[in-house]
Each structure stands twice: as structure tokens, then as C-alpha cells.
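Each structure below appears as C-alpha cells.
Two complexes follow with chain A in common, the first pairing it with chain B and the second with chain C.
== the complex of A and B ==
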């Protein structure tokens, strides 16, 4: 006699699914309350990029961004998830416009939060001008939504990280959750190496990439508020936690951010490596931070790390 | 036109703008006598954490103290590409500068960007593209991405890229492409007084609402963006 397979609850499935490995659609399905996701302009409408054919490149029916609404612990939320496996999750005209429309609606409603699941290398080169402008419009739309009282939360833990203009949009969000592989930066490792030489940044030195741009450093620095383990359930819990913490946005938030960033420059501006910054933060054996398992790291980060609460 | 020529033509009544290693900070007197806050990046300087924090600080210090519009002059490199800048969180510093400009614009301090030289990528996002109205001066040569880098990534020859660039404004560098996309609202003339042109603009500033996508559609540069954004907005409003 065989024992019947136990039903796997959505939470268990989300707990056992790597956020890093999952597709944008799987992330949304497991992040939100089961069955609650409804997409706007789904792939069946085939709203593809009008520019990729100039380069004989394949299109994707959702242009690499999934937007819609759903529920998180029964509360309605808007969501946008980038697909890092399509053109590195890069921003093009259609991809960007979907997020802009979502943020404009959120601003009008003024009470429904927006979750952005970043997974992007930045501007899509083949439509660089449209992508750059879309990012500028998104930054403006995020700030207009936040000024109207909307909470905008960024979740960062995908294959493509959060680079280029994606990093600037992340910097506009009310709060961020990041996992260890979720890198946040403007210039990517290869871009720095190409422009400044391998002595400035060796893009093949993966340990250097993680400790300079990775989630642990961003959490300790106060760039991200919550550190998530690399599974969808952890990101769900992080999103819920952040939605409960975010305060109103006003001029004082920007004044506090100015102070927070200026303070960072004066404390760590002369540091040459992330390990020097962590040591200056008072972490003993800072060189072991990259190896710490998530639970131990979170304990350390909560004790030592800064947060950007009310200062972003 | 050099920066000095531009400032002289913009502000015949005088200005107090200092250029400290490519970071422009100060204020100027407008024709009608009121003050305008001025900041910017000059001499094709890269925008890194040290520059960005001074620019955002200059704007924040004027909030509540001064009134009037804000001018952002742009002749920059890209964002500073360095280990140190990324280590310290360049994305936050650039975002912060953009946020401060956007917040000022939304709260009674209309922002104008004046692109008179080069700019690219993150530097353009944090300065000119974070203003309400971005003006281009003849000779400005922005490049979101330069063609040699694009050739490397797309594995196409420069000749092939240049040929494609003739058929679309969507990827190639240049002021006229950014005008067609709706990123640059208008170009001014070097032959007329810049003060006159500034006065005309200030007398009839567009509303603070972001209209760059409709501008891009009207100019044939971005045919889908405005409609897609509008459709998503409508669907989202129905869904609440």
C-alpha cells in the first residue's frame, strides 16, 4: 500500500521555488494569493515591440513585462514583473509603457500599492532612445504616485539583477526587498571593465561582483530595507512586511535621504572595497559576510545594517 | 557656443554660477528681476556620487528659501563608471537627484533642462530627463548609447547600424532623434537671444503633467507608447 501524496500548499510551493530561477509569470503566481492574478494586455493581444524587427530579432508577445492586479493577503495590489530571460529584461517602448500606465492608474486610485518585480539589464539597446525615455517617464510616474500616497515596493532577486535605469527606478521606490543574487547597480561589471579597464573592475571576478553590487551589500548599506532568501515565499513575506512599514512621502523624506547619502559618503567614501565598508560598520570578520546563510545574515543585518526608512 | 556664451545670452542681467570641476551651482537674475536657481554638469564631466549629492543639495537648500523656476544645464559624460561609485550606491544618488528635481517641479518650482553638449545614459536620466521641459541647443549631441558599443552588442557593423539609423529615430544618438521621441520638447536657436527664448517659455510653461509620450506619438517617434500606457491605465482603473 502506498501513502497518498500530500497536497502541496501554495505557500510550500512558493517556499520551494527559487525566485532567481523562476519566470516572471511563476513569480507572480506564487507571490500573490492563489488564483488572484489578472493580467492587463496579456500575450494573447500580441502587443510586441515595433522595433525588434529592424534588427531581425524575435519578439515576445508580452514584450518582457507582465502587468496586472491581484491580492496579497486579501488586499488588492497592482503588480509588474520583468522577464529577465527575454532580452535581459531590458526596457523598450512597449515594456516601459505598460508600467507607466499601471503607475498612472495607481496614482489616480491613490490607495492601491504597486509591486515591481525587477529583472533587468537596463535600456534595451535596439530601442535605446525609447527605453531611456520610458525609464524617465516611469521615474516621474513613481514619484507622482508616491506623492499621491501610493506605496511602491521593488522586489529584486532575478537573473538579470537590476541594472542601468532599472537601478534608478529602484532608487525611486518607497522600499526595496533584495536577495543575495539580486544585484543593484547603474553600470554593470562588463560596462565598467569595457570603459575603464580590467584593473578598475574585473567582470569575471564573480565574488567581486556579488560583494560590490549584490543584495547583502545593498542591505548592509541601507539601499534595501529587507533581505529575502532566494524563494518566492520569502519575497511575499518581505513585500507584506514592507507594505506595513512604509510611511508617507513628502519633502522631509528627500531631506532625510540627502542626509543619509551624504553621511554614507563621509563615512565610507574612502573605502576601496565592500569588506572595508562592512568592517567600518563594525562587523567582525567582515570577509565572511558573503558565506553567511540567509538567517544568520538577516540577524547580522538587523543588528548592524542601516535602513532607508523614511529617508528615500 | 561655450558655456560662458550661453550664460551671457541667457542672463544679461547677471548671474552667480560657479563651475567647480564640472559641477555648476548658483543662481541668476531673470529679465523681470526675479531669481532662477541654476545647477548643472559642464565640460562633459561624468556624473558620480560626489557630483550628484552636491546638485541635489543645492536644490533642497533652495526649497522654502527661494521661489521661481529651476534651470538644469547639461553637458555631461555618462554616469561615472567606477567601482567606487557603484560600491557607494550610485543608483541611489542619481535617483535622489532626479527625485529632488521632480518633487520641486511638482511643488511650484518648474524645472527646465538645457542640453547644450553631450549627455548619456544614467547622467541624462538624473538631470535633463528629470525636468518638466527639456530644451536642446543646436550642436548638442546626446547619445543614450553610442554606436560602437551598440555594434559590439548587436554584432552588426557600424555601416549596417548607420543605415538602419536613417529609417528610425528609436536607437541612434543625436538631438533630432530625442526630439522626435518626445524626450526633448523643443530646440532653441543660437542666433536669437537665449534670454528672449527663456522668457517666452516661462510665460507659457506647459502643465506639470508628463506629456512626453503624446509628444512622441505626434512627432511619429513613438507610435505605441502613449496608447499602451493609456490602455493599461484604463484597464487598471476598471479593475479596482
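== the complex of A and C ==
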């Protein structure tokens, strides 16, 4: 017999819910303390895209982004979650404006961190100019919030990954948590293949895509700070861990990050495949990394160390 | 895109105290249903914007069956549809009613 739902604690529900499969709203409900989420500009306000109608395309009442505030272990946080199934979680004008507004509010309050649950293919092509502008304004808003002392944490584990402008915004965050199916990049596999040819990147080679852009590689390279298993509770714990780790943000942190990236490039710039990089990092049998279960991978990653230094 | 609107007189008011609820997502073969408690107790309206043009008769049947089965008095349903099949539509409508009749805000 199955257990009645009311006997399942929120943590158990979050543990048994795949972050990848869940909707943006379910992710927020289970990530935050039970019942604490309060939405800004909810779907009943019908702030839909002004562009999609022109293309005869369906709208979504929240334009694919849920923003609001809630509590994480009793501490107040701002949150934004992209719905990766609506237009690939892409940034349009309203979608972007909601995130900009949230980040500016966070900057003003200065003491409340922001969690961004990325799930995006990048800019929504039907509103390209507005979407590109939104990306630029969000990047600025993230940096301004961080300069004011706000911790901005990105959580990446959705079906659309974190691509295009989403990858740029993620790069501006204070810290990132990623799961294996969560991919982080700017140009997606198909984009690279289209522009540079199949010999440069075969987008149908899923193993290649995953070991180049997937969460494990991003964690080992230091692009993501924490690796989470694919469930909402793991992302909740990762967010709490990161909020405890993030240090002050200043010019020094940017210089340190620049140094880290230059060092990474000189060490691994000549590698042709992620497996070469893992081998160069001293991982024995690097070719088995993609098959490692999450717990074993986390042990391995922790042995390699946390390379990130506050800035990305 | 096609806009459809249905108005039904219903026997009883939908239970619960929540003012609004939303289920689903606008994607291919899927839909979102926003339900709000904004109408007199004996009325129910359903407004649909759908990407699949020319299925008015199927919608009429699905909505008629839904209203008969759940008697969702006082509720206004707003649907953005990405071309969902009738069974998916019925499921989402049922989920929306269940959510708004739960206790909570």
C-alpha cells in the first residue's frame, strides 16, 4: 500500500521529486520552507508577452518566469524560476523585466539573497531585441546587486539546461549548483554544429554533449561550485551550503577569478576532449566519470577540490 | 490562434476558499489552466486561447462534460492551449478544480 500523501514530510517529498522533471512552480514549492512562497506579478495579473500575439503563438500567463519571495531554513530569500517547457524557458521582454525587477529590489534591500532557478535555451527569437536587452540588463542588475552585498545563487538542473544569455547570466552569479542533466554553456550543441560543422561538434552525440556541457564537467572545471543529485531537496541543501560559503564581492575577487581562468586555460587549453581535462586533473580512469553515481562523483569532485573563488 | 468562450449555469458553488490556482504549462500537447473565484455562485465561464484552430466542437463536448461532472460554480477558467488532446484538457481542468477547492490561501 502506498503511504497517504499527508504523512510524507516536505523534505521527503522534495527528496523524491526530480528537479529535472518538476515544473518551475513545483521546484519553488519544494525548494523553499513549506507554504512560505509568495509570488510577485502572479499569473492572475496576466502580464503576458506583447510580442507572441504578432506571431500567432500562444502566451503563458506568467510568461515562463515565476518570481517572488519565501524562506529557506527560516531566512528570507528572493526567488526566480524559469519554466523550461514554455518556449524552452527563453528570455522575452516580460520574462526578463520580472527578473530585473527582482534583482533591483534585492539590491535595494541588500540583505536578502536571490536564488535563480535557470532552465533556459537563451533569448526568445520572436522577441530577439527585447530579449537581448533583457539579458544585458539582467547581467548589470546581478552585478549591481552583488556590489551591494547581495548573494546571487544559480541553480541549474532543468530540461532546457542553461544556454545562450542564460549561460552569461549564470556566469555573473556569486555561485552555482548544478546537477548532471543541468547543462551550462553559451552556444548549444546544434548552434555549434550549424556554425562550425559536424567535425567541430556532433550535436547528435549525446555522450559528447553531456561530457562537454553537463553538470559533472562544469563542477570539475570549477564553473559550478556544488554538484547536486537530481532531486529538489539536494538543490535546497546546495543552496543553503552556497549561501554559507559565498564571501564578499570586490575587485580582488574579480582579479582572482581572472587569474584562475587564465591558469585553467594554460593548463587545459590544448585538451581536445573533456576526458583529457579530467585525466590532466589527475583523475584515474577519467573515461568512467560520466557513469559515476552522484554520491561517488561528489566524493571525487571534493577530492579534486573547489576551484571557484567567489567570482566566476 | 483561436479564441473560444463558454458560459454555463451550474447547480452548486465550488467548495473551498482559495481565490485562484494555476496548473499546467503552455507547451506542445499541453495547456495551462488559470482558475479564479470571481463569479456569482451559479455561473461558470471558460475562456480558451488555443493554437489548434477548428476544434470548437471537441471543446464544447469536453467543457460540457467537465461542467456537468464538477459543477464548478463561481469559477472563471482561463486556458492557454498548446494543442493538448481532449484527455489532457479534462485532466488539467480536474486538477485546477481540485487545487482551488483545497484549503489554503
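Rule of thumb we're sticking to: the second predicted complex is superposed on the first by the 303 of 312 C-alpha atoms of A that agree within 3 Å, B and C clash if a C-alpha of one lies under 4 Å from a C-alpha of the other, contacts with A are read in each partner's own complex, and residues count from 1 in each chain.
Note that a residue touches a chain if its C-beta (ideal position, glycine included) is under 8 Å from a C-beta of that chain, and two chains touch if they have at least 3 such contacts.
Here the structure is a predicted model, which is why all the values come from computation and not from measurement.
After superposition onto chain A, the partners chain B and chain C occupy separate space and fit alongside each other. Touch criterion not met for A:158: it reaches neither chain B nor chain C. In the superposition on chain A, A:264 contacts chain B only, with no contact to chain C. In the superposed pair of complexes, A:223 makes contact with chain B only, with no contact to chain C. Legend: residue contacts after superposition of the two complexes on their common chain; A:59 is shown touching chain C, with no touch to chain B.
When the two complexes are overlaid on their common chain A, residue A:305 makes contact with neither chain B nor chain C.
Contacts of A:23 after superposition on the shared chain: chain C is touched, whereas chain B is not.
More chain A residues lie in contact with B than with the other chain of the pair chain B and chain C.
Contacts of A:181 after superposition: neither chain B nor chain C is touched. After superposing the two complexes on their shared chain, the closest approach between C-alpha atoms of chain B and chain C is 14 Å.
By the touch rule above, chain A contacts chain C in their complex via residues 23, 25, 42-44, 46, 53, 56-62, 83, 85-86.
Contact residues on chain B toward chain A in their complex (touch as defined above): 49-50, 53, 56-57, 60, 63, 79, 81-96, 98-100, 102-103, 106-107, 121-122, 124-126, 129-130, 144-145, 149-150, 153-154, 156, 164, 167-172, 177-178, 181-183, 210, 212-213, 216, 221-237, 239-240.
Listed in rising order, the residues of chain C touching chain A in the complex are 1, 20, 22, 25-27, 30, 32, 34, 36, 49-51, 78, 80-82.
Those residues of chain A that touch chain B in the complex are listed here as 38, 40-41, 47, 50-51, 54-55, 67, 69, 76, 78, 93-94, 96-98, 100-102, 104-106, 108-109, 112, 123, 125-137, 139-141, 143-144, 147, 164-165, 167-172, 184-187, 191-192, 194-196, 200-201, 212-213, 217-218, 221, 223, 251, 254-255, 257-258, 261-262, 264-265, 268-269, 271-274, 277, 312.
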